[in-house]
Each structure stands twice: as C-alpha cells, then as structure tokens.
Amino acid sequence: MRKTWTLSLALALPLALAACGGSAPAGTTNGGGGQSGGTIKIGSLHPLSGSSAADGQQMDNGAKLAVEAINDAGGIKSQGGKKLELVSADTQGKPEVGQSEAQRLIQEGAVGLVGTYQSAVSANVSTVAERNKVPFVIDVSSADSILAQGYKNTFRVQPSSTVLGTSGAQFLDQVSKAAGKPVKSVAILHEQGPFGTAVRDAFKAEAEKSGIKVGPAIAYDAASVSDLTTQVTQVKASGADVLMVAGYYRDGVLAAKAVDTVKPALNAVYGVANGAFDLPQFPKEVGAAGEGYFDANYHADMTKPDMQALAQLYQSKYNDAIRTGAVLAYDSVQVIAAALEKAGSAEPAKVRDAIASGEVPTLIAGPGTIKFGPTGENLNATPILMQVQGGAPKQVFPADKAEAQPVYPAFKSQ
Amino acid sequence: MTSTPDQDHVAAGNGGGVATLDPDELPTAATRTVPWLRIGVIAALIVVAIVLAYVRAGSGVVVVQAVTTGILIGGIYGLVAMGLTLIFGVLDIVNFAHGSFLALALFLTFGLTQAGLHVYLALAVSVPAMFLLGVLVQRGILAGAMGKPLENQLLITLGISLIIENALLLFFGANPRSVALSGDRGVPIFEAVANLSRILAFVGALLLAGLLYLLLQRTRLGTAIRAVAANDTGAQLVGIDTRVIYAVTFALGTACAGAAGTLVAPLVTIEPTTGSLFNIVAFVVVVLGGMGNVVGALVGGLIIGLAEQLGGIYLPGQSPLLSVFIVFVLVLFLRPQGLFRRSA
Amino acid sequence: MTTTTAPAATTAAGKPLPRQPWNRHLLAIAVLTVLLIPLPLILPPAQASVAVRVLIFALMSIGWNMMSGFGGMFSFGHAAYFGIGAYAGGFLLVEHNVSPWIGMLVGMVIAAAFATLIGFLALRYKLRGAYFALATFAFAEMLRLWATNSEFVNRAVGYHVPLRPESSWWWMQFEPASANYFWIALGLTVIALVVSVQFVRSRAGQFTKAARDDEDAAAAVGIPVMRYKLLTMALSAAITAVAGAFYVQYFLFIDPDLAFGSSVSIQAILPAVIGGVATIWGPVIGAVVMGPLNDVTATILRNPPPALEFLQGRGGLDVIVYGALLIIIVLLLPQGIYGALRKRWSRR
C-alpha cells in the first residue's frame, strides 16, 4: 500500500506541476499595470542563476530600470504613449535553455530581445532571432564569431574582442609614451576561451605595430585555475615591463594575488577587458595590492550626469554598485525603445530597420552615440582606460573621459 | 527495512566492484607496513619529471616556483579530497555535493569573519556545524539510498549540490566575497615565493590528514569504520551499528569539507559555485590515493598539484588539467586500486 | 537493479529465453510514434522546442542505457560520444560542406571506434564500478580540453552552422518552428528504440546481460565476454553520437563545453535513472519527465500562485525546486518510473 502511495505521489508531482505551469497564461501577470494588452513587450535573457548570476542579475535590473525610465517619461509617444513591458527569462547560462526561452519570449509577443552575457548563449539566441526575424540587441558577449554569420537581426552594443584588444594596445602605447617611459616588452596572461584568445591576438598584432615586443603569452583555464604564481614567475623570468591580463573576475583576482606574492619588476599590470580590474569590489578584495592596476575596458561614463543619476538610482533600489553590464543592458533597451519610437510600429521587422538606421545616445564612455554598422557592430564602441587609484577604479584615458590622471609607471617601489 | 539496504549494499559492492571490498584484497598486515618501494618509484618519477621540466623551461626559478606551487596546491587538493575519500571508501557514494559543502563552509567562514572572528578560529564553528549537517543529510536523505546503484546516489548528491549552491545564491546573492587573512604576505622558499595563507592551508592539510589517520587507526570508532568499510555485513554481525557508522563517516567527510572550506577561504573568491571548482580534481585525487585512504589522498593531491604545474611547462599551449587527466588515466590502468591500497 | 535482473541471470547461462514480450514493445513503439506525429502541429513553437529537447535527451539516454543499463558498465563519460557526434557533424559541414546526414554517420563510426578503444583499455585493465566510471569521465574531459586548445577543431570557439536561405532535407535545415525538426528527432529516437529492443532480444544482448550479471559464469560457459561488451559499448556510443549530430543541426552551434562538458554526461544518465535503468522505456519516460521539468519550475516561479508570491523574482529558486524533485524521485523510485510500474504490473 505504501509503495503504491509513494509511487503515485512521485508520478503526480511533476505532472501536477506541468499542468499548473501550462495553464498559467505566461507573461500576463508581470507588468503590474494589469493592462498587458496595451503594452509592448521586450524580452530580457540573462543568466539569473548559475556561476554568472551576479552579472546576469545586474543586467536584468539594468534592463528593468530602462523600461521604468521610458514608461515614466510617457512611454512610446509615436504609438500613443504605449507602455513597455520587460519580460525576463533565466538562461541559466545554458545555450539550450537560452534558445527555448528566446523562442518563448518571441511567442509571447516580444518585439525585441536583449541579452545574454555568455557568448555561447548569444550565438544561439542570435540564430533564433534571425530565423524569427525579431531584432536581438546583444548587451554583453564579445566573441567576434557571433556577428560574423551575416545575420541581419543581431546587433551588439558592446565592443568586440578585436576592438578591445586593438584599442587596449593603443592606449598602453600612448599612456606610456606620454609618461616618457615607452613600453618595451609585454607579457600576456589570458584565459584560454574564445574571448581571451581573440583579445590576445588583436592586442599582439597592434602592439607589435608600435614596436613593442610581445611574449610570453600564457594561457590558463578560467574555470579551474586556482593559482597563477608559476605563470607570474614565468613573466618575471621573461623580464617584461608590462603584464597584460585578459580574463574574468575570479582569475583576475588570482593574478593580482600572484603578482603581489612574486613581485615581478613591472611598470604596470594592464588588463584588457578584464572582468576584475575595473570593478569596485576588486580593490576591496585584494587590498593595496590592486593599487595602480589598469583596465582597458568598455565602461559606464561616470562623467555624465545621467550616468551618475542612474548609478544612484541603482544603489538605492538594489543596494549594490551598478556594473557596466547593467548599463549596457540599460542602453540596449533604450536602443529598442528608440527604434519603436522611430518606426511608429511594434512590428519586429520595422523595429529592426529602425535599429539598423538609428542613432541612440549612450551612457557608456565612448566617442559618440550608439550607431550600428552593416554587420550589426556598434561603430562607436570603444573601451576607455581605467586605473585603480586610492582604492577605487577611476577613468584615466582618453583625456576627455578622464576623472583622474593616469599614473605610469603604476608601481612606485620599482 | 533496516537490514535489507545493507544486504543490497554488499551485493552492489561485489557486483559493481564499487570499492575494493573483496575481503581477499584487503591485506590486514600490509596496510601497517609502509610501501617503501612504491614511494621510491613515485619519488623517482617525480624527480625525473622535475628534471625534464627544467630542460624544457630553461629557467631554474620557474621550475622551483612550479614545484613549490604544485606542492602547496597539491596539499589543498588533498585537503578537499580527504572527506570525499572517506565517504567514497566507506559508504560507496560518489558524493557530487562535496564541493557544495565546501562552498557552504566558505560562506559560513565569511559570515564569522564579518562578525569579527579570526579566520582560523572559525574552524571551531565550521567543523562542528558541517559535521551536524552531514549527520542530517546522511540520515535524512542518503540513508534511503544506501546500497542503491552508483548512478542513483550520483543523482541524489547532484540534487543536494544544486539545492545548496542555489540556496547560497538566494540568500547571499551572487556578488563575489572574500576573506582576508591579516598579515598575509609572500614568504620566500628557496628561489620561489608563496603566500603565508597557502602555507598555512598546507600545514592544515598535513595536520588534518594526521588527525584522521590517528582517528581511523587508533580509536574504537576508527576500527569500527574500517570494519564497516571492509565488510559491512560482517561488521553488523559483530555488533557494530552500521547505520551509526554510515552517518558518522559521512559527517566526518562533510566536517573535513568544513575544515577545508575555512582553510582555503583566504585563498579563493567566495561564490556559490566556488566549491565545484575542486570537485573534478578531488575525484581524481581520490582514485589516485585509493578510495578510503586518507593519507593516500594527501599524496595523490601532491602528485596532481605537481602534474598540473609541471604539465603547464611541458605542454604550454594546453590546459594544465590535460596533464592531470593523463596522469590519472595512466594510474587507473596501471594501478586501478590506487597508488596505495586503502587503509581505511 | 539486482531484483529485476535476477531472472535474466538464470536463463542467460543456458538458452536465452526471452521473458519479455518483445513484439508488444515494438507494437507500443509503433502506436506511440503514430500518436506523436501530429504533436508539433498542436504545440506552440516554444513548447515544440522543449519537445525536441526531450527527444534529444531520450536519444542520448537510450545510448547510455544500452552500455550502462543492459551492459552494466557505468559510463560517466557519454559526453565523449555525444561530443564526437556533434563535432563530426559541425566540422564536416562547416569546414568541408558535407551534408549533416553523412556527418552523422561519420560521427557514429568515430564514436563507436573511440568507445571500443576506451572499452578495450578499461576491460583489459579490469576497471570496474566507480573506477570504470571515472576512466570514462577522464576520457571525455581529455577530449574537452583537447578540443578547447586545438586549432584543428577551431579551439574554444567551436562551430556555427551557417543558416541557409531555404529549407532543405539534405542540409537538415528548416524554418525555425518547422515540425520537421521534431519529426527527424522522433524518427531517430524510434530507430534507436527499435535497435535497443532488437539488441536486447538478440544473442548478443542476452550474452551481454549474462556477462553483466555474472561475468565468471558467462565466461565459463564459453561466452566471449570481451567481444560482446565491446560491441555493446560501440553500439551505445553510436546512438549517443546521433543525438550529438542532431543537436548541432538543431541548435546550430557547438563548442567544447556544450559537446564534452560533464553536464552532458549527467544529462545522458538522468533520464535513464529517472525512467528506469536497463529497461527499454526508461530513458524515454525519464526524458519526458525531466526534460520539461526545468521549464515547468521556472514557469511556475515566474508566475507563482498567490500562496508563493513572495518567492517571485529570486534567482536560483527554480533550480532548488528542480534539485529537490530530483532527489524525491530518485529516493522514492529507486528503480525508476518504468521499473516501479513494471514491478506493480508483474505482481498482479
């Protein structure tokens, strides 16, 4: 008897759940306004759980703030002040989930998608978007290959790995020359995935153009690495005067700790699109050891009053410092909203055309507005140079975006 | 209900050959004597590996640093693997949740240091807390799956790890956290350097291995645990309550994860997924050292640490993990019962 | 497992008397296939895409079940075969413009060869149980690490399958919501099911099961254990490789983690254990239950019933529910759903 009971319970449980899940008209209870028929839906696909949940949640919050800002300002005026509604989905960082969630959002009527942080997920969602002819604005995912497919419906706000690596090398050259100590040789430490490899290649090519010697270039597995002391010792033995690091948060911290331990004779540790060196929690985690670290990265422009206001709003609403990923998500929603305004229609194909031809102001530091080229790449996406000064990352280069002067050589003791 | 699972457990053990449970494979005398020959061969192989690395790198400093780092990291791998190997050896459970228990201990340590406690004093809380949790998990969840096939237990522990990791995410948020050891600095060792916190973690690993060894070899509880590992039906016949032993052993395993979590807290970035970083390597270490062999886990950890660091020099373009798996597969084929026979 | 296989052990030593009604299995497969054919025409696209995912799960797990269920060799590295299938398809299509159907066949052959090699080594050195499992795991991981750093297969970037302007059966590419994807996956799954029914009732299958239940006895009565075990592993790997090859054409993208990651190996195990190890229907039932479970918990927690409203918008909660359900199912139904049902039926 007992067996029968447990058996039927175990069988009934998932089925009952499935029934509940299926019967709920998905996506209707989200808006809060209770007028879902009158809203225009935008889909937000980010990793809300899993190992990238911190960034994913930030970005989802950024997208939410953008929708609120637009609605508070009167919605889409060319469409009679229609309000926007953000439909959030958790990709769990998995391409399969990203794909079916993207499919679901489109099915629920999303006229545009923003996302997704992981390149593998973005690659997948971009094919879904392409085949359904719904515009997809990538906020963060730097892999070059995504936009190399010739897709018409995928746009990227963030700079590609190649742009990051190239600009990173130029900035380093310019800053060191201005300080009167031109860089002679650079050692590279990079994660072995597509992102780190592409940044390395672009950086190396550009640096060698300026006569900088590049090598050794040491790769590591970001997912499993637990110590970088040996690698930094190799850098020390090579006699390089700058160490370039391209990687994510955890491994960036490990690199900083290893540099602090091994103490190679470097003029600077120089991140390119590094996931750690430009974050406020990085100096908190490594302490004084992080002082002077550079990072050439796309970054929210803290010299803009709008950006300062957004950062304050974020802090008060979510009790956390806003990250650039959230700002990119914010901008990406703005891109879709501006296109809705311009197109005067919520038809995905028209929205797509309006995105392709439009220009949208941005909160990210760069030379101009968000404007897409023929492949969907943001033509004005460039990094700026940040440096940890006084325990916090500051914008230091180019001069018109600078909050403070770059300090080079970054370390006094050498 | 009480005796059947244990009967099944023996059947599964023999049929699947889960651990070296066969009585004739458990040498009673040999475990006491130190396998000098084997240690000599391993040591010689390590020396050859170091010399080759020197030839390859052409820089003495780099090799010395690689060996130092390898040994220190190896100690940490061994530390993480000790709890796993106990559980593996005695309960025959491939415990996928071990990394999550470690993560839980990391967060616990973080909370305690936030409250003003010194990192290493947090051990006094994290170890008993994790022990208690281990008892609860074993009695509450895993007891019902004792003796079930390997894949069932694997999925259950996978479920436990999903729950722990995501509960941490839910309550603490996803922002990375850190614990600083005040006075942490680089300590020179020959031409190499190492962080004080890493050296202390290594010493902690040695102490823990010693303690566990004494516990298993010199106490009544240890004897009972070894008896259950060798033959649980037999142990039951001589009056050992196997249910208690299973719970205590599992709890010892999670308590080890607790100790490891506190000891590595100053070295790692604390996130809900941090623990699973160590999972794969820990499994490899367990097999290398022989399931259930605590000292073997420490030695296995050292070998893996060295393989990882020296492998990075041999195969510069490849991931250091590749050399770890190559060593692992070679050992599996040449000495499937592990480098050292189990002594637990 | 031990109880269900006990009868087989007694028959296998002598004459392989099939105790299961094989033709009824085949009939059930045929009926289900006919019933499922209209499914993609009814389901909305997002749910249809979940249905295709369920079939991919099932296919992977049918492969795993053959080696680890019927063969008794617990593989924790089926990602190796899935990945080989996926990479063979992706590599041949992208680099050499070869049809995915041919890529699928090539992937099956390579996966079978690789499985035979691993199997030979593992059996030669008498690895068993957890040791065998960890050896298979190590090989899958080595493939992942190799692919991540090998120029030959485009390193960590992997392959994008290029979109074609028009639908084509030869290139296995259709409109995004096309029912053809479901039908292809259904066809492949049905073939795999029929193959596994035929395998289990064949001499080879009976010998393999005999060797699983008592290897020494099987060898004593003259069964060439090694040969049949290797055959089983090769077949198992080939089926899982099909799942990989289809995965690439459906998701249009593959990289080393998606192909060879340890989560792939777990996905191959999960449906079979939930549904019932060493049963024909276990993997299918398990895939149907577990495949959508993630989406279901996510949906419920996105729009929770009033009682659970306070939980809304908390990242990770859906995964906790999923983990808890996983534990409950495995604990309550240790022999899987089908295993438990069969036990009840046979008692009547």
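Order of writing sets the labels: A, B and C. Residues in every chain begin at 1.
We adopt the following convention: a residue touches a chain if its C-beta (ideal position, glycine included) is under 8 Å from a C-beta of that chain, and two chains touch if they have at least 3 such contacts.
Composition by chain, UniProt nomenclature: B = Amino acid/amide ABC transporter membrane protein 1, HAAT family; C = Amino acid/amide ABC transporter membrane protein 2, HAAT family.
Given the structure is predicted, the values throughout are model-derived calculations rather than measurements.
Taking B-C and A-B together, the pair of chains sharing more C-beta contacts is B-C.
With centres defined by CA atoms alone, the chain at the far end from chain B is A.
Here the spacing of chain A and chain B, counted between their Cα centres, is 36 Å. One simple way to say how far apart two chains are is to compare their mean CA positions; for chain B and chain C this gives 31 Å.
Of all residues in chain B, those touching 2 or more other chains are 166, 169, 174, 280, 317, 319, 321, listed in ascending order. The set of chain C residues that touch two or more partner chains comprises 145, 148-149, 315-316, 319. Multi-chain contact residues, meaning those touching two or more other chains, occur in chain A at positions 49, 53, 56-57, 192, 219, 221. By the touch rule above, chain B contacts chain A in their complex via residues 57, 59, 61-62, 65-66, 68-70, 72-73, 76, 166, 169, 173-176, 178, 180, 186, 192-195, 198, 267-269, 271-274, 277-278, 280-281, 309, 312-313, 316-317, 319-321. Across the interface of their complex, chain B is touched by residues 49-57, 192, 218-221, 223-227, 229-231, 233-234, 236-237, 249-250, 253-254, 257, 260-263, 281, 284-285, 287, 320 of chain A. Note for the complex: chain A touches chain C at residues 3-4, 6-7, 9-11, 13-14, 17-18, 20-22, 24, 26-30, 48-49, 53, 56-57, 90, 92, 95-97, 99-101, 103-104, 106-107, 120, 123-124, 127-128, 130-132, 143, 145, 148-149, 151, 192-194, 197, 219, 221.
Every residue of chain C that touches chain A in the complex is listed here, in rising order: 44-46, 49-50, 53, 145, 148-149, 155-158, 160, 162-163, 175-176, 251-253, 255, 257-258, 289, 292-300, 302-303, 305, 315-316, 318-319, 325, 328-329, 332-333, 337, 340-341, 344. Listed in rising order, the residues of chain C touching chain B in the complex are 1-2, 68, 72, 74, 76, 121, 124-131, 133-135, 137-139, 141-142, 145-146, 148-149, 213, 262, 266, 269-270, 272-274, 277, 314-317, 319-320, 322-324, 326-327, 330-331, 334.
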